[in-house]
Every structure is written in structure tokens, then in C-alpha cells.
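In what follows, structures are represented as C-alpha cells.
The same chain A turns up in both complexes below, where it pairs with chain B and then with chain C.
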Partner chain A sequence: MYPAIELVRASFGRYSVTGLHQGTVGLRNYARLLGLEALPAVVGNTAVWVALVVAITLVLSLGLAQLLNESFPGRRLVRWALIVPWAASLIMTSKLFVWIYDYYFGLLNHLLAAAGRAPIDWLGDDRTVMGAMIAVGVFVSLPFTTYVLLAGLQTIAGEVYEAARVDGATGWRSYRWITLPLLRPALLVATVLNLIYVFNSFPIVWTLNDRNPGFAHDTMITFMYKIAFKSALRDVGLAAALGVVNVLLILAAVLAYLRAARWREEPA
Partner chain B sequence: MTKTYTLPRNFCSMGSMTRRGLLALVLLGATTLAASGCGDGGRPGSIKVVIAEYSRDHTRPFWQALAEEYTKQTGVRVDLQVIDWNSIDQQVSTMVQNNQPPDVLNLNSFSSYARDGLLYSGDEVLSPKTREDFLEAFAQGGTYQGKLYGFPILASARAFFYNRDLLTRAGVAAPPRTWDDFVQAARRVQALGGGVIGYALPLGPEEAQAEWSIWMWNNGGDWKTGGAWAINSEKNVQTLTFLAALANTHKVTQVNPGKTNRTDGAFQLFKDGKVGMVMGFSPLAAQLDAEGKVAYGVTQMPTNVGTPVTLGVEDYLMAFKKKGNQEAVRQFLDLYYRPEQITRWIGAEGFLPVTKSGRERMSGNEKLRPYLEALPNARLVPTTDPTWDKVKLDVQQSIGLAVQPGGDPRQVLDRIQKSAEESAR
Partner chain C sequence: MAGGAGLIRRAALAGAGLLAGAALLAPYAVMMLTALKPEAELRVTPPRLLPAEWRPGNFWTVLRDPEFQSWLTVSLVVAAVSTALVLVAAVPAAYHTARHRFAGRGAFLFLVLVTQMFAPTALVVGLYREFFDLGLINTYTALVAVNAAFNLAFAVWILRAFFASIPLEIEEAAAVDGCGRASALFRIVLPVARPGIVTAGIFAFIAAWNEYIVGLTLMTDASMRPLTVGITSYVTAYVQHWDLLFAASVIAIVPVVVLFALIEPYLVGGLTAGSIR
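So, the complex of A and B:
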């Protein structure tokens, strides 16, 4: 609780470029936030980033978890391999992707060239930057999500499927009406945790976007950092105000999601 | 609320994400923790020395050895922190917020700290011999309101690098001296085809203010005129329009120069032999020599005003006022500024001397000759004005936008100027 109190306190403060506290300004930092020209774009980016990374991660993880739940030769190896992007440092993973995406040296453009296509500046072209970041976001979120869902799958007793088979439910019907409902607790956990992780994710957006001037591709987390240290604002108090807003926003999003999820449970 | 917040932080440590973790510390940090370790009156048991990492190989070993020597002489321990350039601003800011500033700090800015009254002046912590040894221009560059607060620690100068093979193949007999020659040379090199680039122009956020300064000065513009900011002067609009034309009309730069950084962008391309010309400095030369892949030459900047101007960069040591630390800090600075110490380090890092004795000792170094020769025509960015600390960041975050297709140089410069005037108030 203490850090949260400090964050709120800082958000009421006026700070010099050096970090020196120069008195309190009440709610003025919050009012100034609303006046920031870049804010609407940043909020939009954040919504797109969180929604797409979480949604794509969940869909892919459902498939992966299903696959890893079947027995096949080498399953143990695949399960271990899936941990790698999770275990690697996010900065290192992000830097690796910077070089995969690089216009001149990147693997992706070598593949395009081999296919006779023109190269793309993945991290510089305004149309591709967000997509490139989302792909990395999904890549690093898959392991955790898959394992949560895999754990969920393993709690579903085999007898349930047998009973369903006797009643004639197989394949997609069995998945839709047995697996998914019984996986609901695991899905709920995976979604909530991913919402928070992805919203708060700093290194991917920071590293992949660090060549781009301005704030056109920032999320609220990287924007907060730029306000504090990397823009003409250079204002710790203003950044703290955005930090408070961020915490409240993710809290509201999670509560809204939980309410919606419970609401859907009732008619079932 | 606490619970929600601890989740992302746990996640950070899982991914061993330092910057985000640090950010959490900065923004959530315990701003009221007890004041730092220096004692109540008397001599402190230790001093905190914060140094920026210029290179993995040389920075820490040198300062570690210096700290040991210092402890041996004085009995005062040194808490040495070597911090990378990416996070030093933020870490120092956190220290100041927490009322735990370093005793000695190495940074590329100083005047904001002087304005905030946090620093000792040179009179208070440097011996007269040390003060008199500084080269005049660098002492000027560390002066705020008539007093020396930013003690020169080292300097560097930019120079114009060219790929000999590419220029020869393109039929460019000598490196360009004027802007017109430069455009011709860049066009010819670019025309070689096969992915060859005429000029690598890094106007991305990493160091845009450096690249911009050099072009600006070589067209007769400046950051300020007569003490007032002049960022959107006609000359400067003309210069930025010229740079945008390099990218969008002549098409002699790499793709998206406004979104290219120096280290992993322009320098990387030059080291790979893909680029005809680039503005570099001595560490780039050291890397080129080590790799041995590119035959390169180093010369003066092409200019539009007759005398080529280059950018000199001066970094600083600062001494923070803390109760009872003055004598300990003075002894530490005296040790660093002994000619053999400062020269050893500057030499190892490949930078330029800031003292008269250092210049004498290093004058025989052939590798440094082009930079030493450029020094008399080197200009410094206005670090003596505290507003610069914001202007620099503004330029880094905006000037690249002006050279993107559809960018508007005048509008970008007008906005930076307006913001500078507001900060200066």
C-alpha cells in the first residue's frame, strides 16, 4: 500500500527537471493531463494493444493447450520449448525482434526479398508498428496463458467426455458444450492476469518503438515514462498523475470484466 | 488496490525487466526514506559516486581503481555506481526525489542542478591548480551565472566519415566541402544501386539534437541569438527543409531518417559498408578499426558558410552539497584531475582532453588528430541554460517528424521554439 500512497502524493507535487520537489499543486497535474495533445491517441493505442494482445493470446493458447493436452511423441519437449519465451528477459526478446523486423538487416525482409516482394519498414511505417508490437506481445504472453489453460484442461475428468460420447456429443460439440464451460475458471484467471500484464507491459512497446519520434505509438505506460524523463515535459508529478489514472483504469477494466463474466454465468 | 498493483510488479521481475521495475520505483518510490548516509558534521564514512557508462571495457575498471586509490589515501569508502546512459537521468532523478543525491555525479547536463542550488561551485571543491588547467572553452561550457558548476570530465567532437571505396566507385574524387558538393556526392553514391545509401541521416530520438546542431551551424543558424531562443529562425527552417529534401526529394538517405537512431541505425549501416557518408566520432572509428571491414576517411563537415563547424560535446562532473562532504569530495576530484589519471581514462575511452595538460599529453596521438584539429571550430550546445535540458528532449522527440513524407519543417520548429520560450519563463 505504501508505494501507492507515494504515487498519489507525487501526483499532487510540482517537481523540477532534476527531481527536486518544489511544493504541491493540488489537482493541477490531473487537469494538465487532460490537456495533453497526445493523450487521445495514446489512450486509443492502449485500448488496441490490450484488446488485441489479450484476445489473440487467448485464442491461440486455447489451441496450444488442447494440443499439449493430447499425448504425442515429444510432448514433453514441446512443453519445455514453450517456456522459453516466458523465461527469457522481455528486453532481450524485444531486442531480438527489433533485429527480426529491421528494414535492412531483418530476417523478415530477407524472407520478403526471397519471395520477390519489396521490403517493409516494420518498426518505422505507421501502418505496421502496432501490429509488429502486438505480435511480440502475443508471443511472450502465450506460454503463461497456455499453461493456465492446460492446467484447467487437466482438471476436466475423462468420464465427462465419455458420458457425452454415449449421448452422441463429439468433436466441436463436445468442445463447445463441455470443455469451454468447464474451462471457464481457468479462462477467467488467464484473461484477468493478461489484462493487467499487457496493460502494464513496458519493455516491448518501449524497445520496438524507440526509433520513432513523438507519441504516435505509445501506450499509457510508455507515455508515462516519456512524460517523466524523455519529453520536453520532463515532469515527475504529471507522470505520477498518469500513473494513478493507469492504476484506476486497469482496476475498473478488471472489475468490469469480472462483472460481465459473472453476468454471463447466470443464464447458463 | 495494493493487490492490483503488486501483480504487474511481480510480472516485471519474472521477465527481469529492469526499466519498468525502475519506473515503478521512481513513481512509487519511497520519497521520504531517511536522508543519505553522510554523517552529521565531520567526515562522511563514504561518498556516493555516480558515473555514466561510456564503455563496458573501460569505464568501470578505471573508476573502480580510482575509488580504491582514493580510499587508500583518505580512508573514505566509495559507493561507486556505473549507470548506462539510457537510465541515468531517471535514476539520478529518483535519487534527488528521495533526498539521496550522489556526492559526485557524471552527466551530460549540469545547469538545472546548479539552478536548483544543489551543487558546489568550483571555488568550493576544486584546487586552484585544477581550475586553471581546464581549457577555456570547456570551463565556459560548465559555467552557470558566472560560476563553474559543471566540471569538464571529458570531451568529444564529431567528424565527417566517408567510405573510400564507395566514393571512389561513384567517381567522387574528394569528400565534399560544400553542401552542393555534398548533395552531388550523395546522389552519385546512391546511384550505385544495390541498396547503397548516399548519406545516413539519424534524426530519431536517440541523438537528433547532435545531428541537427551540426547541419544548423553549417548553414549559419544557431540555437539562440543574443541570449534568446532562435530555434525557428529562417536559417533553421531552411536547414531543416534541406534535410527533408535529402530524404524525400533527392532520396539519398536510408529509409525513414526521422525514425533512425544513431547507434543501431546510421552507424550500423556505415559499419556494414552500405553507406557513403555519415557523421561520426572517435568511438565509431575505434569500432571500424576493430572490424576492419570498411576503408574509411575522416574529414571536416561540409558547410554552407565557408568555415566548417563541428559539434563538441562536453560532459560534466558535479559535486552535490551535502552536510560534511565538502572535503571528501574535494579530495576525490583532485585525484581524478591529476593529469595522469584523467588522461589515462580519456585515452582509454577514445575521447578528447578537457585540460591543458591533457591536450599536451595527447597531442601526439595520430588517431585523435582529426578531432583535435576540429576542436577550435567546435561549438557546444547551450547546456549552460537550464532550459536546454527540456529543449534537447523536445528536439529528440519532434525533429524527426519534419523529415518524414508530408512533414512540415517550419511547423515543427515553431512548436519547439514556443515550448522553449515557455520553459524559459
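So, the complex of A and C:
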């Protein structure tokens, strides 16, 4: 817990560029934070990043989990394939995608060329860089989410579906009215943990957005890091203030989501 | 007729599975193939998928690189020591919470959620201040402590579920046979819970092995960088050894994938047992 306390304390302090504490300034760091020109864009990026990555991941994972819940030849191999993006370090996967997205030598533009389309500067163009980062974010979030949903699916007893079939519910209706409601606890866990992980995600945005100067495509986490350690600002107090805001924001988002999903604390 | 329809369905499922598997593995195939190319072949237009000349020697180049060896050492030491610390602390904590229900399950899950929110990423500025004040920047102690602290909650979460699934009767039977509480724990409960302990240990190991932002922040000395941070120096604005970067990545990823595959059977149950049902 100590780093959390230190974070709050630092957010009230003033620091030199070399990191020396120069006294407290009250709430002035928070006021300066609100005055930062880049802040609205960064907050917007964060909202788009979190909302799209979590939503797309959940939809794709529902399909994948449903697939893996069936038995078919080679299911084992698909499950192993699903493990790889999870086990691989995020920074290595991010670097890999920097290479795949490369303007001159990347595989993606090669495929575009083969299809007769003009190459795209995926990570340099303002219009595509966010989409490119979101695609990687979804890719690395799929395994964990799919496994959580798969665990949820496996707790649904087969008799429930048989009873539904007797009552004439099949296909989509059986999925909509039986699978989804019974899957709610797993969906809840998957959504909440993804909200937290995606919001806190650092390596993807850090690596894929590396070439672009300024803060135009940063999320609040990479923005905080740049303020503290990389940019001309080098301001620990200001970064700590943003860090406190980040933690409060994710706490508020999770509580709001849990409330919306009517979370009840079960007695043990 | 039903058999025919079932066959078509199985074939369709297998086809979908094949597609999904291929989509998940394709980027890593690119990684592997790029790692096997000579450097000159990285910059040909149009780019080729397969190397024209196979160069497995890239892996030897990386393994013999003294810098790579020092990053590997740091990562191994940090991951191993922090995993050991996590298990030593988490096993008794998990056993206690599984056997003595002093707090609600919901409250427990929420506590884990909160520790996830305080992920190192959110706290990295505070962490840097703390270790700066303690004079522990560029030390094993700092990185081990942070990794152990952040993997502890998750380990307790997984282990608790395993301990809870062991029937109390086993311990009672042991007590009847004259087995003390401590001896029952070591001779009965821990062996039965071994898959859970292995799962939690591998999780903690992988999390520490793959950790990036704390290593990036606390280990500013080039020789004290962990693998995840170190390998990025193969490709910077000034040097672009993509072949070596990917060879190093493959070396780092393969053992972790194997470890993960070992605990795969427990993933479905272990991950969610604390929350679902």
C-alpha cells in the first residue's frame, strides 16, 4: 500500500526536474492538470481505447468460447493456440505488431499491395493509429476473456438446454434466453477485469505510438508516464496527480458498472 | 441422417477452430520467420514471408550476446525469487481464508479487484519515488518486491479455490488417525493441493517474467534491465535488428508457452472459481 500513499503525497508536492522534493503545493498540481492543453484529447483517447477494446473483445470472446465449448477434432490445438498471445509478453507482441504494421516492410501493406490497394502508414497516420492499437489491444485481451467465459459456459448444465428444447426453444432463442442470462456472472467478471486491465495497459500504446511526437494518441496511463519520466515537463508531482485521478476514475467506472449490472455481494 | 448432419457440424466446427487458431498464431509465425532471416533480407520490397536464406544462427547470436545473457539473468532471478516469495506468503493465507470463513466471498473478490486497480502501471510514479527514497533503484530487491507484492493477491485467489475444494473430511480423518493439525497440513492438504500450488506458481512466474513497466522505470542501469526491457534496445531509432529482436523474443516466449500449456487444464476452473458459483 505504501506506493499508493506515496503517490497521493507526491501529487501534492512540487519536484525539480531531477526529482528533488521542494515542498508541498496543495491542490495546485490538480489545477495545473486541468489546464494542460493535451488533456481533453488524452481523456477522449482513453475513453475510445477502453470502450472499443473491451466491447470488441467481449463479442469475439463470446464466439470463441462458444466454439471451444463444443467438441470437435483439433479443439485441443485451438486452445493451445489461444494460450500463445496470453503467455507472450505484451511488449514483445507490441514490437511484433510494429513490424507487421511497418509502412515499407510490413506484412499488412504487402497484403494490401497484393490486393491492389495503396499502402497505409498504419502507425504514422492520425486516422489509423488508434484503430491499429485497438486491434492489438483486442488480440491480447482475447485469451483471458475467452477462458473466463468458457468457464462460465461449462457451469451451465446440459439439462437446461434439453428442457428448453422440449419447450420449443432452439438456436438463437435458446442462446438469447438461456445462455446469456446464465453467463451473466462470467460476463461480469470478464468485463470488470478487462476494464481495469485495458485502462491500465501500457506497453501497447507505449510501443505502437512510439514514433509520434506529442500526446495526440496517448491514453491517460502513457500520458502520466511521459509527464513523469520522458517529456520536457519531467514533473513527478503533476504525474502523481494524474495517477491519483486515474485510480479514482477506474474505481468509479468499475463501481458504476457493477451497480448497472446489479451486483450483489453473496454471503459466503 | 442424424449422423450425417452431425458430421457436417463437426467439420464446420473444426474449420472454424482452424481459422481461429490460424488467426491467433499468424503474428507469431511472422515473428518466427523474421527471426530466421538474415538482416539484409528484412529490407526487401516487396517483403517476403519466408526467408530466402534460412539463418538459425540468429538464435546463437542472441544467446552469445553478453547483454542478452545479463537481461536473462535478471529476469530469471526476479521471476524465480518473487514466485517463491508469493507462494510462501500465499499458501498459508489462502488456506486460512478457505477454512475459516471470517469474511464474505464478495468482499474478498472485491479486495482482489482493488489490488488489480492499483496495478503497477497506475502506481509507477509512486513506486519510483518510494525506491528512490530507499536508494533501491537498480537493485534486485526493488523489482522482486514489486513483482511479489502485485502477484500475491491473484495467487491467494487461485489457491483459495483449490483449498476450498478439498473436503474437510480428509483432514478430520487424518485427525482421527492421530495426525496433528500441522502434520495434516503438510502430509495431506498440501500434496492434494499441489496442482493449485503449481498453477499459482506458474502464474506468478509468468507475470513477473513478462512484467515491463516497473522494470523500465526502476532499472535504469543497462546491465540490470530485465529481458522485456532489454530486448527493445535491439530496435531503436538508431539500430534496427528486427531479426535479433524476434529471435530473442522467441527464446523468451517459448518456455512460457510451454509452462502455460502445462497449467491449461486448470485455467478454466482456477481462474474463476473464486467468483463464479
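Keep in mind that, in the parts below, the second predicted complex is superposed on the first by the 262 of 268 C-alpha atoms of A that agree within 3 Å, B and C clash if a C-alpha of one lies under 4 Å from a C-alpha of the other, contacts with A are read in each partner's own complex, and residues count from 1 in each chain.
Assume a residue touches a chain if its C-beta (ideal position, glycine included) is under 8 Å from a C-beta of that chain, and two chains touch if they have at least 3 such contacts.
Quick caveat: nothing in here was measured; it's all calculated off a predicted structure.
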Partners on chain A (chain B, chain C) - clash or fit
clash
Have a look at where A:Tyr103 lands relative to chain B and chain C in the superposition and call it first, second, both or neither.
first
May I ask you to decide whether A:Pro73 touches chain B, chain C, both, or neither, giving the answer as first, second, both or neither?
second
Which holds for A:Thr155: it touches chain B only (first), chain C only (second), both, or neither?
second
In the overlaid three-chain picture, which partner chain does A:Val247 touch, first (chain B) or second (chain C), both, or neither?
both
For A:Ala113, using the defined touch cut-off, is the partner it touches chain B, chain C, both, or neither? Pick first, second, both or neither.
second
So in the superposed three-chain picture, is A:Tyr225 touching just chain B, just chain C, both, or none of them (first/second/both/neither)?
both
Contacts of A:Ala81 with chain B and chain C, given as first, second, both or neither
second
In the overlaid three-chain picture, which partner chain does A:Arg234 touch, first (chain B) or second (chain C), both, or neither?
first
Dominant toucher of chain A (residue count), chain B or chain C:
C
Partner chain(s) touched by A:Leu90 [first = chain B, second = chain C, both, neither]
both
Select, from 22-30, 76-84 or 130-138, the region of chain C that bumps into chain B once both structures are placed on the shared chain.
130-138
For chain A, give the residues common to its interface with chain B and its interface with chain C.
2-4, 6-7, 10, 19, 86, 89-91, 98, 104-105, 193, 196-197, 200-203, 221, 224-225, 228-229, 236, 239-240, 243, 247, 250-251, 254
Which residues, counting only chain A, touch chain B once they are in their complex?
1-4, 6-7, 9-10, 15-21, 86, 89-91, 98, 103-105, 121, 123-125, 140, 193, 196-197, 199-203, 206, 210-215, 221, 224-226, 228-234, 236, 239-240, 243, 247, 250-251, 254
Chain A-facing residues of chain C, complex:
10, 13-14, 16-18, 20-22, 24-25, 27-28, 30-31, 34, 42-47, 49, 101, 103-107, 110, 113-114, 116-119, 121-130, 132, 206, 209-210, 212-213, 217, 228-229, 231-232, 235, 242, 245-246, 249, 252-253, 256-257, 259-261, 264, 267-269, 271-272, 275-277
Hey, which residues of chain A end up touching chain C in the complex?
2-8, 10, 19, 64, 67-68, 70, 72-75, 77-93, 95-100, 104-107, 110, 113, 139, 142, 144, 147-148, 150-152, 154-155, 185-186, 189, 192-193, 196-197, 200-203, 207, 221, 224-225, 228-229, 236, 239-240, 243, 246-247, 250-251, 254, 263-268
Hey, which residues of chain B end up touching chain A in the complex?
1-2, 4-5, 7-8, 11, 14-20, 23-24, 26-32, 89-90, 92-97, 112-113, 115-116, 118, 195, 203-206, 208, 254-256, 258-261, 264-265, 268-269, 272, 274, 386, 389-391, 393-394, 396-401, 419, 423
